[in-house]
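Shared chain: chain A. Partners: chain B in the first complex, chain C in the second.
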Partner chain A sequence: MRVPSSAAHKPASHKQATALLFVLPFLIFYVLFLIYPGIQACYLSLTNSEITGQGRFIGLGNFAELMHDADFWGSVLHTGYFVLLTVVPNTLIGFFLALLVVRLKRLRLVVLAAFFLPYVLPVSVVTTAAIWILDANFGILNSLTGINISWFQDPLWAMPSVAAVTIWWTVGFNVLLFIAGLQSIPQEYYEAAALDGASGFRRFAHITCPLIWPVTTLVLVLQLILQFKIFDQVYLLTLGGPYNSTLVVLLYMYRQAFQQNRGGYGAAIALVLVVIITVAAIVQFRVLRASRAAT
Partner chain B sequence: MKATLICLVAGFFSASAYAATELTYWDFLGGGDGVRMKQIVEEFNKSQSDIHVTESTLTWGEPFYTKVHTGVVSGQTPDVMTYHLSHFAQGVQGKDLRPITNDELAQAGLKQSDFQDSIIQRSLEISKKYGQSDQLFGVPLDIHTIVLYYNKTALQKAGLLGSDGKPTGTDSLEAFAKMLGEAKSKTHLLPIAESTNSADPASCWRVWYTLFRQQNGDFIKDNQLSFADVENQGAKSLEAMANWTKEGYIPKNTTYASAVALFSAGRSVFMINGNWEVPTLVDLEKSKKLTFEYGIQAFPKLAGNSDTWADSHQLAIPNNQKNPPTPEKVAAALKFIAYVVKQQTWAGGGHIPAYLPLQQSDSYKQMVPNNEYSADAAKQVTLEPPLPIFGVASPSFSAISNFLLPAWNNQIPPDQAIKQFDAELEKYAKQQQ
Partner chain C sequence: MRNQRVSVLSSLCTLLTVVMALAWIFPIYWIIVTSLKTEDQTIQLPPSLIPWPPNFDAFVYIFQNSPFVRWYANTIFVSVVVTFFSILFALMCAYALSRLEFSGKRLIYWSLLVGFMLPFHAVAVPLFMMMNQFNLVNTFAGLILPQIAIPLSVIVFKQFFDEVPRDFRDAALIDGAGNWRILFRIYLPLNWSITWAMAIVTFIATWNNFFWPLIVTNSTPMLTIPVGMTQVQSTYGVAFARLCATAVLASIPTAAAYILFQKRVTQGVMAAAGLK
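So, the complex of A and B:
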């Protein structure tokens, strides 16, 4: 018996209408909550609006001011520093933890859960715990090690401390991605290499590394975009201090928009960050693709 | 069974016939005083059946004021809220506050002269300057200020407690520093627990502003913002504070919570902090967790006069132009406000009532431990400069964090810090115009 396939007989336009219907719910939200506010932000950046209400159109005035704003460029540098401290370390640590977990025969799920659990916690919980663990007067770290550093209040250590907390908090997700990647490498390759007498290190260097590279690229790009958007941890741990040493771009935007009540200027800062992230992501992706082609 | 049913039905009808006016109330009171405010709201709701108040506690400072401002613009505001007097210049200028007429006050049984005069005068000054109005934009609830908490047990052992039971060596900046040195060498405790981390500009500002004002310094000269005194008395104040750090009298880069813990754990001799930490000590003593006897005094006169930083919590009505409150709502809000300002429960949070009949009542004067400081502290009140760049959640906070705090922590020289501080404030003042 022939099953009548209605779809096959429908005209192409009808098919497209069906497709559109499926995409529509997403599209509505996408336009309403991303595209429309995005366009509004672009317009806002060309005005002298305060945080609410309409302002006067001032052309590129905000961007001109931004070019000479030392605090803004400082915040770009600090964001870059944070990205440097988190992206590669977070990826490497995630990779090594994943290697460790897949080798475990017993307690594998328990160990995996232990690495992944912090990721489940809300940022406020993570930072509150970190503040007390690293407190200069009462913190367990300083009292166990005898170190006398106020981690979040020392201009030298504040950013690395924020980065360390961030890595502890988010590395679990990278571990998961890497485990999935490692398990998708066919076991036969290793067996064949072992038969040929390849040592453990060579198997790692010539099988694991190249085959895990696509996952690594993915993790690196995701990390880069994520870490450029650093705000929560800094807002909760240091408020940009001490002395603006952890003032990152989004926190500076928040200060300008919500503290100084300058919505237009805040929008201009946000737009510049969008440009920076886009450029960085494209460059990184190109570099990674090129290096992959080379291997 | 039948009786219950009748009761239920009767209850239903009586409830619907006298539907209570619903009031939403926003505050920013998260600490020991927040617990007391909840108690007051509960008691108010029980005390009568015409008005029912629902309270929401939001985050103190900037998040609160941003939310109020966006609420006013979008027409979705609470009916009544707490507000800082030091934020009035920003709030009145930004049209976030609804003026309260004298008639409306009178209907709630209140008048301006019921409240501490210095608070009312400052409030009216701001109304005139930024709202072109001679009305109040809020009803004063309290006065809060910084006080000197001391560890009586430690001071006694070191021989630094006077015959009046108060610390000695608090009559000049030099004597104070000398006494702190002795306290340090004799007790081996930290002399002053103080919040000195850059995420808490407010604590640094309160101490610095107090010393600045005690040397007759002011930001306002001939009704204009002026930095002449800041370069002079302001720099001296900051230098004195930086010296405390240099000598190890205060801890560097310490968080607010740690500072409170240092004092309450008996690890410091003094704590300079707001009177809002009074309930912390009262509660710890009650549960027998305090290992020492503590005392509280009004902030000492360390220079020319005894002026001490202070602010005032006010109860205000948002200026909702899109959905203006009905006259009944306004009346209900003021009735609630009139009830709250008269409650001594609020003083349990360490605050000094702004409502004079309460402030001067015997029961308040005998309140322990408030009676150790409140009479003097009420006289020493010096408010923040009435300009939009100052006050809670104002631009001045980032200038303090970036320049005054590094100097306090001995990371940059005080005179250099003051110059940059002035330049930053000047920039903010220009941006506000």
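So, the complex of A and C:
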């Protein structure tokens, strides 16, 4: 903050004070509860702090330990698997549903609400519905179809089931973005193409697909960042089991920091996840931009 | 001939859409229906799709045997306070960033983008340690304070304020109005719809927040609904009607907010994603 030296600057300093008055309330909370803990997390990752107190500086000790921590690498792998099962399918299903919804006239708002409603529910409600419907013995899915799979207790099916629940919960958001994208495509393009005798499929392939690509890119990037942070659903549905088959990075961080009382180690895990997400998002963004330039 | 084929195809598409929508909404329907059954009816085979007469035992049981009312009050309090202050502070900050000249402005704007990228989970450990140090674990302050600063809201409001013609402000300044009046008498009314939209979306997100309340509370009377309902569920064992009744109660505020303000929620979600 510059302090004006003479009375001539008074209006400027007055302006500065007014502006600070407007900015400060937000800034105090922002710095105190996000920026400062963010910096603190970097320092913590270099210590052996317990969650309840101060620890010793141990340099890169936590990261060295992480390198040889089989459970950690397992959790990275499982998170990657979850990302694979959700990001692209959730985007494609969202696009497909948006194509269906956008044709409607009178029914549009009602149908859109049906796809979007799960998104506004608390995650514990979503998982309650999943636990009940997919219950191995009494769930309506198994009892109506005669399938005999314990969806969340079978190591093979646990992660795909968590992914399916996640898609049911969050696809509405993607539908919304795709509808906005579809509506912003000028109707005249389709009319002109129809006059030229382009078939429905060709209109879809040569008008809809290229013009919706920016929205697709946005959805894919948002999805990638979001799904790497998977925690709630796994915590509520499987707690990482069976046999750690759904142990994801943030759940491992939660276990280490809040259950094993290893704050420093937990902070290190969180930092590695931030790096992974950042790198993945940048790579994905580059690839998507390159593929757009190629078409 | 061709037109006929197209219209048949179009009807089939509409039919498919409606079937998909019904399938998507079915789990919600199924929770509601199950909550109105007796425990015996829930495991009956074949399951009845419309239980009649409805039975409210599960709801009565929850209210009598768990602190659900207390949790409800907690969650309403936390969500309302967080929504009010996060919107108020975001509006003020956005106004300054959009319309006032001061040193440090660019730095603040760039730091917002950093904060927007920084996942909350990454700061959970140091944040909890801080709360613990100041004895704020299991308090309303501990629940509320870290949720108030939402960089995304500031970014959205700034974009909307940037589009208000500068003449409006200049004219008001000449008439002697201060910045405070200009914000709340001109900029806010002009942007009512996006403000409401962001407020509703913030309320829903705060109500639904699971991760932070899970970490910062563990005493039964301080839990919020999304965390508390899982605690009672684990004590029920196999009692699906009660399970579903907790889910129905937990969903009412956010589902109602969406159904009543569908357009506003849509607008808020889109603005937050960077599309207007």
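Here is the rule we go by: the second predicted complex is superposed on the first by the 265 of 295 C-alpha atoms of A that agree within 3 Å, B and C clash if a C-alpha of one lies under 4 Å from a C-alpha of the other, contacts with A are read in each partner's own complex, and residues count from 1 in each chain.
The working rule: contacts are C-beta pairs under 8 Å (C-beta built on N, C-alpha and C of every residue); 3 or more make two chains touch, one makes a residue touch a chain.
Predicted model only: the values in this text are computed from it and were never measured.
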| item | value |
| --- | --- |
| Contacts of A:P37 with chain B and chain C, given as first, second, both or neither | second |
| Contacts of A:D232 with chain B and chain C, given as first, second, both or neither | second |
| Touch count on chain A, higher of chain B and chain C | C |
| Which of chain B and chain C A:P155 touches, first, second, both or neither | first |
| Touching partner for A:I131 - first (chain B), second (chain C), both, neither | both |
| Chain B versus chain C as contact partner of A:G55, first or second or both or neither | neither |
| Partner chain in contact with A:P89 - chain B first, chain C second, else both or neither | neither |
| First, second, both or neither for A:G80, with chain B first and chain C second | neither |
| Partner chain(s) touched by A:F258 [first = chain B, second = chain C, both, neither] | both |
| Shared chain A contacts, counted only where both chain B and chain C touch the same residue | 51-52, 131, 135, 138, 258 |
| Residues of chain A that touch chain B when the two form their complex | 51-53, 131, 135-138, 150, 152-155, 238-244, 255, 258-262 |
| Complex interface listing, chain B residues touching chain A | 62, 66, 69-70, 73-74, 94, 197-199, 251-255, 258, 261-262, 267, 393-395, 397-398, 401-402, 405-406, 409, 411, 428, 431 |
| Chain C residues touching chain A - in the complex, by the definition given at the top | 10, 13-14, 16-18, 20-22, 24-25, 27-28, 30-31, 34, 42-43, 45-47, 85, 88-90, 92-93, 95-97, 100-105, 108, 111-112, 114-115, 117-130, 132, 145-146, 148-149, 151, 154, 179, 183, 204, 207-208, 210-211, 214-215, 225-227, 229-230, 233, 238, 240, 243-244, 246-247, 250-251, 254-255, 257-259, 262, 265-266, 269-270, 273-275 |
| Of chain A, residues touching chain C in the complex | 1-2, 15-16, 18-20, 22-23, 25-27, 29-30, 32-35, 37-38, 40-41, 44, 49, 51-52, 97, 100-101, 103-104, 107, 109-111, 113-118, 120-125, 128-133, 135, 138, 140, 143-144, 168, 173, 176-177, 180-181, 215, 218, 222, 225, 229, 231-232, 235-236, 250, 253, 257-258, 263, 266-267, 270-271, 273-274, 277-278 |
